[in-house]
Structure formats: C-alpha cells, structure tokens
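A quick write-up on the structure given underneath.
For clarity, chains are labelled A, B, C and D in written order, and residue numbers in each chain start from 1.
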Amino acid sequence: MDKTIQTAAEAVAQIPDGATVMIGGFGGSGAPVELIHALIDQGARHLTVVNNNAGNGHVGLAALIEQGRVDRLICSFPRSADPSVFVEAYKAGRIALEIVPQGTLAERIRAGGAGIPAFYTPTAYGTEVAEGKPVEIFEGRAYVQERWLKADVALIKGELGDSHGNLTYRMAARNFNPVMAMAATTTIAQVSRLVPLGGIDPEHVITPGIFVNRLVEIANPAQEEELNRAEAVYP
Amino acid sequence: MIDISQIKLSNAQIAWRAAQDIEDGAYVNLGIGFPEMVAQFQPEGKQAIFHTENGVLDFGKAPEPGNEDWDLINAGKKAITLKPGTSFFHHADSFAMVRGGHLDVAILGAYQIAQNGDLANWSTGKGGIPAVGGAMDLVQSARRIAVVTDHVTKKGDPKLVESCTMPLTGVGCVTRIYTSLAVVDVAEGRFVLREKIPAIPMDDLQSLTGAQLHTDGAVNDLVCPAELA
Amino acid sequence: MIDISQIKLSNAQIAWRAAQDIEDGAYVNLGIGFPEMVAQFQPEGKQAIFHTENGVLDFGKAPEPGNEDWDLINAGKKAITLKPGTSFFHHADSFAMVRGGHLDVAILGAYQIAQNGDLANWSTGKGGIPAVGGAMDLVQSARRIAVVTDHVTKKGDPKLVESCTMPLTGVGCVTRIYTSLAVVDVAEGRFVLREKIPAIPMDDLQSLTGAQLHTDGAVNDLVCPAELA
Amino acid sequence: MDKTIQTAAEAVAQIPDGATVMIGGFGGSGAPVELIHALIDQGARHLTVVNNNAGNGHVGLAALIEQGRVDRLICSFPRSADPSVFVEAYKAGRIALEIVPQGTLAERIRAGGAGIPAFYTPTAYGTEVAEGKPVEIFEGRAYVQERWLKADVALIKGELGDSHGNLTYRMAARNFNPVMAMAATTTIAQVSRLVPLGGIDPEHVITPGIFVNRLVEIANPAQEEELNRAEAVYP
C-alpha cells in the first residue's frame, strides 16, 4: 500500500465540478497553497469551499475565488489583510456565504468525520446565526442543534508524511487540517517531507493514515503570508 | 440428516475464508476471540491494516511469550507489537474512526443473525452480567460487517434466523456471514447463499438454517485449506 | 457636560486595568486587536497562560520584526513565539477548551453591552460582510467574559445600553466591563458601577451610559499608571 | 505556577464522599494504579466510577470495589481475566451498573469536556441499551441522542508531565486518559517522569496543561497486569 502521488496535479485530478472541498489552514498558516494552485490549473468549477477564512491577496483560496470557481463559501471569518477578491465577488453576488462561528465550524467538521450527525452547542444561541436552528434545553440552559459537515475532498497541508498517510503538522499550521482530514470522502495531503514508513514515531502521529487517501511531497512549500508580502498573483 | 461434526469447517478454516475477502489496503477491525484469528490468514500481496479500538492502528503480531509489554495490547487485552506505520490515539479518536465510517471491514462473532441483518452477539439475555464493549459501535458504522461463526449453536439450533430472539447488538447491519458450512450474504432482507461446503446437501443446509436460504446465481463450493482442519 | 476626551483612559490604561484582575495561573483568551494589549500588563508575580483559538496554548510575545515564522501566529494572524510549556492542538480540541469551560477569562471588544450581559461585537448590522470568527464560542463558554472598550462610540453614543440594537454575539454573557471611564459589573440584569475615574462626575457618567448605573457598596477610584496615558 | 504535588496521598486528599470519579485505563494499560490505591487509603465512599472495565483481580479498581467504596459503575465491559470482585458485588446488589457502548462512553466523556451537552450516534439504535433515549432521523437514518458525561475528579496516568500539566502517554496506555482529563472538574495525573517545563516538545503534547489540575510523579508505576499475574492484593 502506497498512497503517495508524484505531483500535485495528479493528486487533484479527480476533483469534479460541483464538489464540496474543505481546505485546511487558518489564514495562511497551514494552507495547502500548492494543492489549491493545482486545483486552479485543473479547472473544476462550481465548488463549495469550507475554510476558516476567505482568502487573502491573489494566491491560494483568493486566487481560486478570483478565477470564478467557487460558488459558495462556508467560513467563520471572511476578513484578512487584503480580502478584496472575496469582497468583490460577494458584493457582485457571484459567491454565496455561510457564516459559521469558528468553534462550531471546527466541531461540525469533526462531527462529520466522527459519524455524529448532530450535536448541541451553547454557541450562537439567541443570535441571528442560530435563527431557524432547533433549540433544546439541557439542565436549564439553552443550546442550538448543529449538523455535521462533510466534504467530497479535503486539501490539507502536513509537515511529515509516510506512505500509509500518517501525518504530522508544523506548529500552528495544524489548525483545521486534522479535522478536515477526517471529514472528507477523499483527503489529499501535501507534506513538506515524505519519510519512510516508520519514520514518524507512533506517539507523534497527529493524523493516522486511515484518514488520508493520497499525499504528495511539496518540499519548501509556499507560505501564503510571504507570497502576499511579495504581492504574488496566481496563476 | 448428515452428521456435520465430521464435515464442518474448523474455526481456522472459517477465519481463512473470511480473510480471502479482505481487500488490499483495507482497514479492518477484528472482534475479540475467534475473529482475531482472521489476521493470520491475510493473503500474500494483499495488505490489511488492523485497527484496535483501544487506540492503535497498523500494529503487528503477538510478541514472543515473555516479551509482552502490557501497555501495548489490543481490545482483547492481548499483547501486540509495533511495526513501521503504527500510530496511537485516544479512545474518542479511535471511535471517530469507527463511527465515522473509516473502517472498511469489521469482523465479529455472533449468537444470532437475522435475515434482515440484525445481529445479536453481546448478551444471551439470560441474566449474567451484560458487557457490550465496542461491538455496538462497530456494527453500525464499518462499511462491511462480517460475521464468523459456527452455522449452529452447540445444541444444534440455527444461528441464522428469521428474527433474533436474543438482545440485539445492531439492526440491519450484517452484510456477510462466514459459517462452518457456508458463506451467506444478507441482501434486501434475505439470506443469499453464496458458497457451501461440497459435503453438505442443500436440503440439510437449509434445515440447519432458521430462515429461507435464497440463491442469486451460482452457489460455489466453499473449499478451505485442509491443513487448517 | 465635561469634555471626556481630556480625561478618559487610553486603551493602554484600560488594558492595564483589565490585566490587574487576571488571577495567577489563569487561562486567558484575548480577542483580536485592542484586547491583545492586555497581555502586556500582566502584573509581576501573577502568571497568566494565554490561549489562542487557532491552536496554541502558553505562547510567548511577538518576535522581533524579521524573525516571524508565519506558521506560529495567533488568532489575529500576528506572529507569536514559543516558550517553555507551549503546546499545539487542532481546532476542534482548541474549541473544546473554549466550549468546555476550561478558560478562566476571555477579554473581548464590544460595540454594545446590555445591562443583562448581552454582547454585540461582531456586526454593525449595516450591511458589509459579516465575520464572526471565534467570538460567539468564547462569550458563551469562558468562566468570566470581560469587555475592554471606550465608554461611548466615536459619535458619543453610549455603548452600555438597556438592550442591544446591533446583532448579538451572545446573550447574558458579559460579567465585567472595563471602559475608558469606569469599571462596571453585570449582576442580575443590572449594571453595577465598581470604579470610575475621579475626574468624571457621577451625573456625567450616568448621562454617557444608556442604562441605569447601580451601586452596591463603594465606588472606587479608577486610577491607572499615568505613563500609559 | 506549579501543579506538581509530592505524593499520591496529597494528590487525592480532597476527593469527597459521593464524588463521581473517572479512572483512565483500558484493562490494566493506562490505569493509574498508585492513584487508585491512594484513594483507597484516603477513604472516600459512595463513589460513582467511570471506567471502561470493572477491575481485575484484587488491585486497582477491583480493590476499590472490594473495599465497598463504589456505589455505581459506568462502564462498557465489566469482564476481565478475573472479574470476581465486581461479579460478587454486583450479584449481591452492592453496586449498580450502567452499561454504555465503548464508543459512546468515549464520546460522552469527550462531549463533557468539550461543552457539548448532547449528540446523536447510530450506536445502539434499536437495542435495549438505547431504550428510553430520544431518537431522531437525519437523512433517513435513525440516531440515538446521548448526553455528556462529566466528573468531579479524573484520575489518569501519563508518561511525561511538566509543571504546567502538559502530558504525554505511553503507547496504548493513552486510551481514555486524554478525554477523561478534559471532562472532570479536577484532573489528577500520575506520570512516570516529571520533566522541566519545556521538556516536552510542543508538537508532542497530547494533553495540554489546561486540562490538568494536579500531577504527581510515580516513577516505575505498577502495571496492573503484572500485579495480577503475581496475585497481588491491595491493601
């Protein structure tokens, strides 16, 4: 069994039009920039994207939106240093937006991966974000029922990876990546370094290979923050 | 009626047959006891990755006696070993793998299996102390739920039945049954016979089965390595 | 009416005052922007441990410019640093800390706070693009929810109100408000004035507040280090 | 801030009669034997214990039950090589038993730690274990509503620990320990080795210190399996 793929282009080749795609990262940290760019090259359209943010500058998720490929975005915080691509698309009505509180977003994704179709949270009770959602009282306190969130594909960024798909992450670049890996039918990881099987201590594996379908080594991956400081544009 | 004690498959042969269906690269959970034996017969060239619900994925065989580390055990509390690719995780993550549908196959034992796929394997319902473990989680969530079992109870009663009389482990969950006499699928609320051992006449097999055995295409011979008998 | 622009506390002074209430050993989340400033004023001898919802606990100060590692950032996407005791975890675990009530204090900014503790701090409700981030999770779950804010808006309208007119972040959640003029608790549906700056007369403070300010015992002088003005 | 305590006795001193106590471990692996024995010495009675099992032999949890200190046990699998202590207490009506499927037990504990008062699971639907519990249909499939599980105290066993309570575990001894650490008002950890703050790589921390209130070093901790093979009895 070897889940490694040679190129980012091959790794994303099967993603169809209309797919729901989770994309890891919090701002630029942990964003799988090379996989996103490969998806731009690949051409799939009418995507629903799940990400904490809405892209920054003109690379990564912002570039995918700029190319008109995202019909709908599910996120918690569509702001950044330069959110102009998303703002323009949103104001022109080219992209739909579902705002989800950040912890609820993370938990809905984990629930998708963990086979929990719904759960209750105190978050957003009494706010417009919870309008229309079932409310239940437990021990005198009101909670909102939230539903799981699953995806056809997750694009994630790891640090080390082995041929079975075991992964580690790098510092705060971990963020949404491990839970998204659980919640997608097909999880595609880019890793900074492929190591031989056994090259990751069993105690240090963060995402066990069962959650990963394909992985590709992208040595020295781009850091979105640095691309933006250099005013990079993709493609 | 033929005396099945002379012709029925051994547990090792049942386990061998179940192992033949495990796909290359499959993630597999084996129930405590008899089902654990399946791991010994994974065919050459097809790699299965084993999950144990106490938080280990991709582990190796039992250690030599005397080399046990009791912090490295499977769900049956038997010692296992590390191998390249092993990972550890906590119980909630382990059952996220289970409940989230990430396992390809779970193989369990059974007291009774109903033709609609209901499984009873956790309590005889006769008092005693109930103990469910992870079975109820596994049977509702793995992509394929296979059972390995004698075809009949020690008393000779059918284990494949119209509906279970013992407390259920899960409803409509079993997809394939490997017995000491046959391989039977559960499909659309019916038992569909796929294979039977050549030595048993069809009528006898039916009379040892508590619900109608249907066929859907050929019934193949169930032949297992004789050295496992 | 007194001209408050001359007497009100600076943001640094408000942050300093909020920091004085953070207990030794407290786990603290600071909102993006102004609340982040609180970390600079943690009193000597009282150690606070900071949590950032993007998955870091017990992190250090900002690095020197040029030494940023953009994989090591806080929720405001600003670079932070490691220190002995730092740990990393994923987003679901991070918000398990939040939602599970494991944080002692969260300190946030506000557009409006109602006397029943309702908080509005995520959307002006005037169009524009909504962005809630982690605020709705934090305000329902940390043990204490403190707000740091100017006492009035830039236009001079009260931020402490009878009931919020802007979209809510959370209901009945705020426990203490540190403003540019006063320290106000929310207790049993009322604003209770704890401290005010000496320079403002009580009547003027009330007229700059959109709901009745109650007292419950002494109102202390709110005095902050002058060098932070 | 220093959460370390000198002795197991001091670590468990405050546990009151009637407390709900989660005890980590799966069988003997990860069982905090020394903390349990300290609790036996301490004397608290009428405890509700949450553990995957029901003790084995005459040490650890079995010894706590044998001393008549556990009124109620919440577990998934009250069987072991030698379950005689539990069996006798149960048959004599001295201990109440709540059987919870293992994955549901783990998820209820996690939910308790994560502020999720209830969630839905397919596990146990249609079985007697789910009788009386709310059922809801999501996307055509039936799910059982399960409630969070919290405790006054969790007794857990780690491998490395630092003064802030950051923990690692040893192999499959991890099991229920990290989720129980999240779900208790007071979490008390025994660790095989205390290390200086910074002695655990931030990437390798499994339980961040926020979940741990007190920890005590127990070098060379007893392994329940070995105690039982030696037919040990406590006290």
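The rule we apply is simple: a residue touches a chain if its C-beta (ideal position, glycine included) is under 8 Å from a C-beta of that chain, and two chains touch if they have at least 3 such contacts.
All values derive from a computational prediction rather than experimental measurement.
The interface with the greater count of contacting C-beta pairs, when A-B is set against A-C, is A-C.
Averaging C-alpha coordinates per chain and comparing to chain B, the farthest chain turns out to be C. If you average the Cα atoms of chain B and of chain C, the two centres end up 57 Å apart. Chain D has its Cα centroid 37 Å from the Cα centroid of chain C.
In this assembly, the C-alpha centroid of chain A lies 30 Å from the C-alpha centroid of chain C. Residue positions of chain B touching 2 or more other chains, listed in rising order: 88-89, 92, 95, 98-99, 141. Of all residues in chain D, those touching 2 or more other chains are 107, 110, 114-116, 121-122, 169, 171, 202-203, listed in ascending order. Taken as a contact graph, the chains fit none of the simple arrangements: neither line, ring, star nor complete graph. Contacts between chains, counted with the stated touch criterion, involve the pairs A-B, A-C, A-D, B-D, C-D. Put simply, chain D touches chain B in their complex at residues 26-30, 52, 76-81, 83, 86-87, 90, 97, 99-107, 109-110, 121-129, 169-179, 206, 223-226.
The touching residues of chain C, counted against chain A in their complex, run 52-56, 69-73, 77, 88-92, 94-95, 98-99, 118, 129-137, 140-141, 167-171.
Of all residues in chain A, only 107, 111, 114-122, 136, 138-139, 141, 143, 147, 168-169, 171, 202-204 touch chain D in the complex they form.
Residue ranges on chain D touching chain C, taken from their complex, read 1, 110, 112-116, 162, 164, 166, 182-183, 196-198, 200, 202-203, 205, 208-211. Chain contact summary for the complex, chain B toward chain A: residues 24-25, 27, 47, 49, 51, 57-58, 82-89, 92-93, 95-103, 141.
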